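Data first, discussion second: the structure below is written as structure tokens.
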Amino acid sequence: MYSEKVMDHFQHPRNMGEIENASGVGTVGNAKCGDIMRIFLDIDDNGIIRDVKFKTFGCGAAVATSSMATEMVKGKSIQEALKITNKAVMEALDGLPPVKVHCSLLAEEAIHAALWDYAEKNGIVIEGLKKPKNDIHEGEDEEEDY
Amino acid sequence: MYSEKVMDHFQHPRNMGEIENASGVGTVGNAKCGDIMRIFLDIDDNGIIRDVKFKTFGCGAAVATSSMATEMVKGKSIQEALKITNKAVMEALDGLPPVKVHCSLLAEEAIHAALWDYAEKNGIVIEGLKKPKNDIHEGEDEEEDY
Amino acid sequence: MKQLIYLDNAATTAARPEVVEAMLPYFSEKYGNPSSVYSLAQESKEAVDAARAAIAEALHAKPEEIYFTAGGSEADNWALVASAEAYEKKGRHIITTKIEHHAVLHTCQYLESRGFEVTYLDVDENGVVDLEELKQAIRPDTILISIMFANNEIGTIEPVEEIGKIAKAHGIPFHTDAVQAFGQVPIDVDALGIDMLSASGHKLNGPKGIGFLYIRRGIKIKSFIHGGAQERKRRAGTENVTGIVGFGKAVEIAVSTMEERTSYERRLRDHLIQRVLSEVPHSRLNGHPSDRLPANANFCFRFIEGESLLMMLDMKGICGSSGSACTSGSLDPSHVLLAIGLPHEIAHGSLRLTLNESNTMEEMDYVVDSIKEIVAQLREMSPLYAD
Amino acid sequence: MKQLIYLDNAATTAARPEVVEAMLPYFSEKYGNPSSVYSLAQESKEAVDAARAAIAEALHAKPEEIYFTAGGSEADNWALVASAEAYEKKGRHIITTKIEHHAVLHTCQYLESRGFEVTYLDVDENGVVDLEELKQAIRPDTILISIMFANNEIGTIEPVEEIGKIAKAHGIPFHTDAVQAFGQVPIDVDALGIDMLSASGHKLNGPKGIGFLYIRRGIKIKSFIHGGAQERKRRAGTENVTGIVGFGKAVEIAVSTMEERTSYERRLRDHLIQRVLSEVPHSRLNGHPSDRLPANANFCFRFIEGESLLMMLDMKGICGSSGSACTSGSLDPSHVLLAIGLPHEIAHGSLRLTLNESNTMEEMDYVVDSIKEIVAQLREMSPLYAD
């Protein structure tokens, strides 16, 4: 069902853990499947993401996308990190089964939520960042295209 | 599906043929399945069935019951012949599948029809013999007892 | 000669050895439930997907348009009932023919009892539907046209491409029961304008108890069997993995050998027909003389009845079938033979012989000789012939 | 240890070698269509009849009350849809429970869309229906009670005998989905007052794609799959002869070995439960502590999610399943675990292990050790546990 890359990131998740006194923390959940993802960002004065950690209560795809997404934002600028979509994460994982596409949204949204938290804490506005939804399922459709 | 006895009578039908100038001839058909049976009786002055022949356009069960029924009436008196029911013929054949029970009625009715013809020709009344139906399916029910 | 000559391949076929071999590992080794998470289950899932892909390719369809069922009957029921339910807001009128298999006809009757209206098109003396009559039958509330690809008794192939065009021109979904045609004639669902298609594994040397319904993407019918999320949520029930694998294999072989195989069968079949018609008096060929399934021959012999004929052929080691469905619980003569205009007595004396690639020319000759002998014998016994 | 420990026998089972062996001759040698006239076909028919008789005996039913289907889902759909249609003149109300398999639940929803009314009974914290609630739910227009024999997730066995009595007292047909119970616990349809019963071959070491519906003589339901005259005109479609033969064999073995087999499984299972509950913190057993299927264990582990748990178990060669049906297309947590009162987060972290006779005590210990390790690892990763 899952690609080798997904299995690899599931079995050996990168950046799993917490950052104490993180610059930004974002937690998002999918009410439908009940999964929860939390991202911790450590952002330096130049706006570079120095470190990133995650904790995930979720399916294999959720764990793997958490791991891959954190790898992809590490060392990036805030603006670069914002451009990392769930599509990009999925591609980096060699794809996900159709029913699991929504899981990758969790990672994208959790990063956005952590950045929003960082912006709020620092009283800044990050261009192009919208207030994250608490439940990422809201906008989503039940995929049923026969 | 069929017992060995049925198969034997089907493969080697007894009394197949016609009797010229028969004492009585009876033809009955089952409109539903389209089968037709004709019985020829040769009855002597003492009312004994000296000879009997049949012709049948019908399924295996129809042929076998024709054969068995003719065997059973041969040498019998009219009153004895009247008592031979389709049940008796079936038993003599070691039974028939449920869907084929109606086929055995053809034989019983054909004998009755031939006796009726004999009675009419001779202007006599055979006690207990009713005017035969032309289509033996009339009285029958579609068997569907779940 | 007491070796078996099996000429009832339209009723069912022997599973090919390659088919059984392909199935075997999935009984007791790779037995996982395809919906499960672990790797054992993934093997089953991949096998199911591979079979689905092979079948899709055979029809020029997409794998996700193939939905496995328990056989042709379920596929027919599904197509009809679910179409009726899906489109009933648009209308309640269905068009089919008088010569469909009972899986279609009886389902139509069931739908009539639920308030749908069904037009049963006539066919001509060869069993072909009249396209003009079809066009005239179409109404604004027509929601489905279901016309079989090829008839199971008389083998006539219907003008599917033209039917597809008419259906498309009127925006009406077109279902075809291809249980007899699939694997025997090339089918391209796009070129022929088919929206739904039923098929069954055991008719093309696959296993029994497996079939599929092709549903074109965009056709909005729902489930017929409700429950688990299998088959993209459209057909519930743990997948019959072995059946699916066997079916996939059978289709692959049937398609790749089709040309050679059917031309061989056609040669044998034509010899059989030609000898019967010229050597058995009062015999006729039923079905279209040329637009017919390559392995199908269907005769009527006047003055005799089908079951007796079959039983006598069986004693000679020949397996055939008859339109007279006495044994299958109904005593009515074949509705197909009546629809092509035969009177009851004649319809009762029919014989269907359907070949496969393992038959030989010698067998055909033996069969003709046997038929001649048996028909004479039965006529001797018949009160109709004597008349 | 990378040998497979298969603990998902409630999802599906490996077909027994004896079962496959019994089936083999019917693929390519005795392949005749049971409805045909010739002797080849009679062999198939006899095999089907023998399997039917064996199954009837297992239930204390009559052979003519057993109707083969493509599986448990079709049997459930049939029982519900055809009962609704047969008795709709009497009423349009059906009673079932909240913990039925989706084959029942989704069919009930389908019937609701056709104007029927369904009462879904609650269950207690062990998953047992309340008989008083059942009695109160009965109305003059109630036409069917459908309550499962044993639950597929948590293994709870329902008070079938009492339900049968209540149904009988009110003259309402009683259907039970015994897909999980058949072959695991003794069933006597007469003693238990069961009018209809669904079962499936692949749950008891038979083949996939075959099941049956028991219909008590006198219950007037019609067909679900319309068409040919098979199965006493009640279930159309060429018989899945191999599937039926395999099912018959599997039932014979399951019944004759039941006592010894299930007491062995129960011993293993109890050891597993006892160790998990005492050694894994924040764990609980779901389902009735004693009135449960002998081979079923179902746990919840707080703070972790089911699919991840399954994937990690799979890496250790252990096949289990979870109530969280992410992969099967639905993302909702198990409706059964919600019905017994578990909150969403906890319901997500469930693990079902269902044994069979080939498991060993050593395997159970390895499984417990693995669970301990994996649960700790996943909790480490969980934002909920950290809180």
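Residue numbering begins at 1 within each chain, and the chains themselves are lettered A, B, C and D in the order written.
As a working rule, a residue touches a chain if its C-beta (ideal position, glycine included) is under 8 Å from a C-beta of that chain, and two chains touch if they have at least 3 such contacts.
Bear in mind the structure is a predicted one, so any value in this text is a computation, not a measurement.
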{"item": "Chain whose average C-alpha position is farthest from chain C's own", "value": "A"}
{"item": "Pair sharing more residue contacts (C-beta pairs) when B-C is set against A-C", "value": "B-C"}
{"item": "Rounded Å distance, chain B centre to chain C centre (Cα mean)", "value": "39"}
{"item": "Chain centre separation in whole Å, for chain C relative to chain A (CA means)", "value": "53"}
{"item": "Chain centre separation (chain C, chain D; CA means) in Å", "value": "33"}
{"item": "Multi-partner residues of chain B (at least 2 other chains)", "value": "1"}
{"item": "Residue list for chain C, restricted to those that touch at least two other chains", "value": "37, 232-233, 307, 311, 327, 329"}
{"item": "In the complex, chain C residues that touch chain A", "value": "37, 42, 45, 215, 217-220, 232-234"}
{"item": "Chain A partner contacts - residues on chain D that touch it in the complex", "value": "303-305, 307-308, 311, 315, 324, 326-327, 329, 331-333, 344-345, 347-348, 380-384, 386"}
{"item": "Complex contact set, residues of chain A against chain C", "value": "1, 144-146"}
{"item": "Complex contact set, residues of chain A against chain D", "value": "1, 10-11, 13, 16, 18, 27, 30, 32-38, 55-60, 62-63, 99-100, 102"}
{"item": "Residue ranges of chain C touching chain D (in the complex, touch as defined)", "value": "4, 6, 8, 11-17, 19-20, 24, 27-29, 31-33, 35-41, 69-74, 76-77, 101-104, 106-107, 109-110, 200, 202, 207-210, 223, 225-229, 232-233, 236-243, 307, 310-311, 313-314, 318-322, 325, 327-330"}
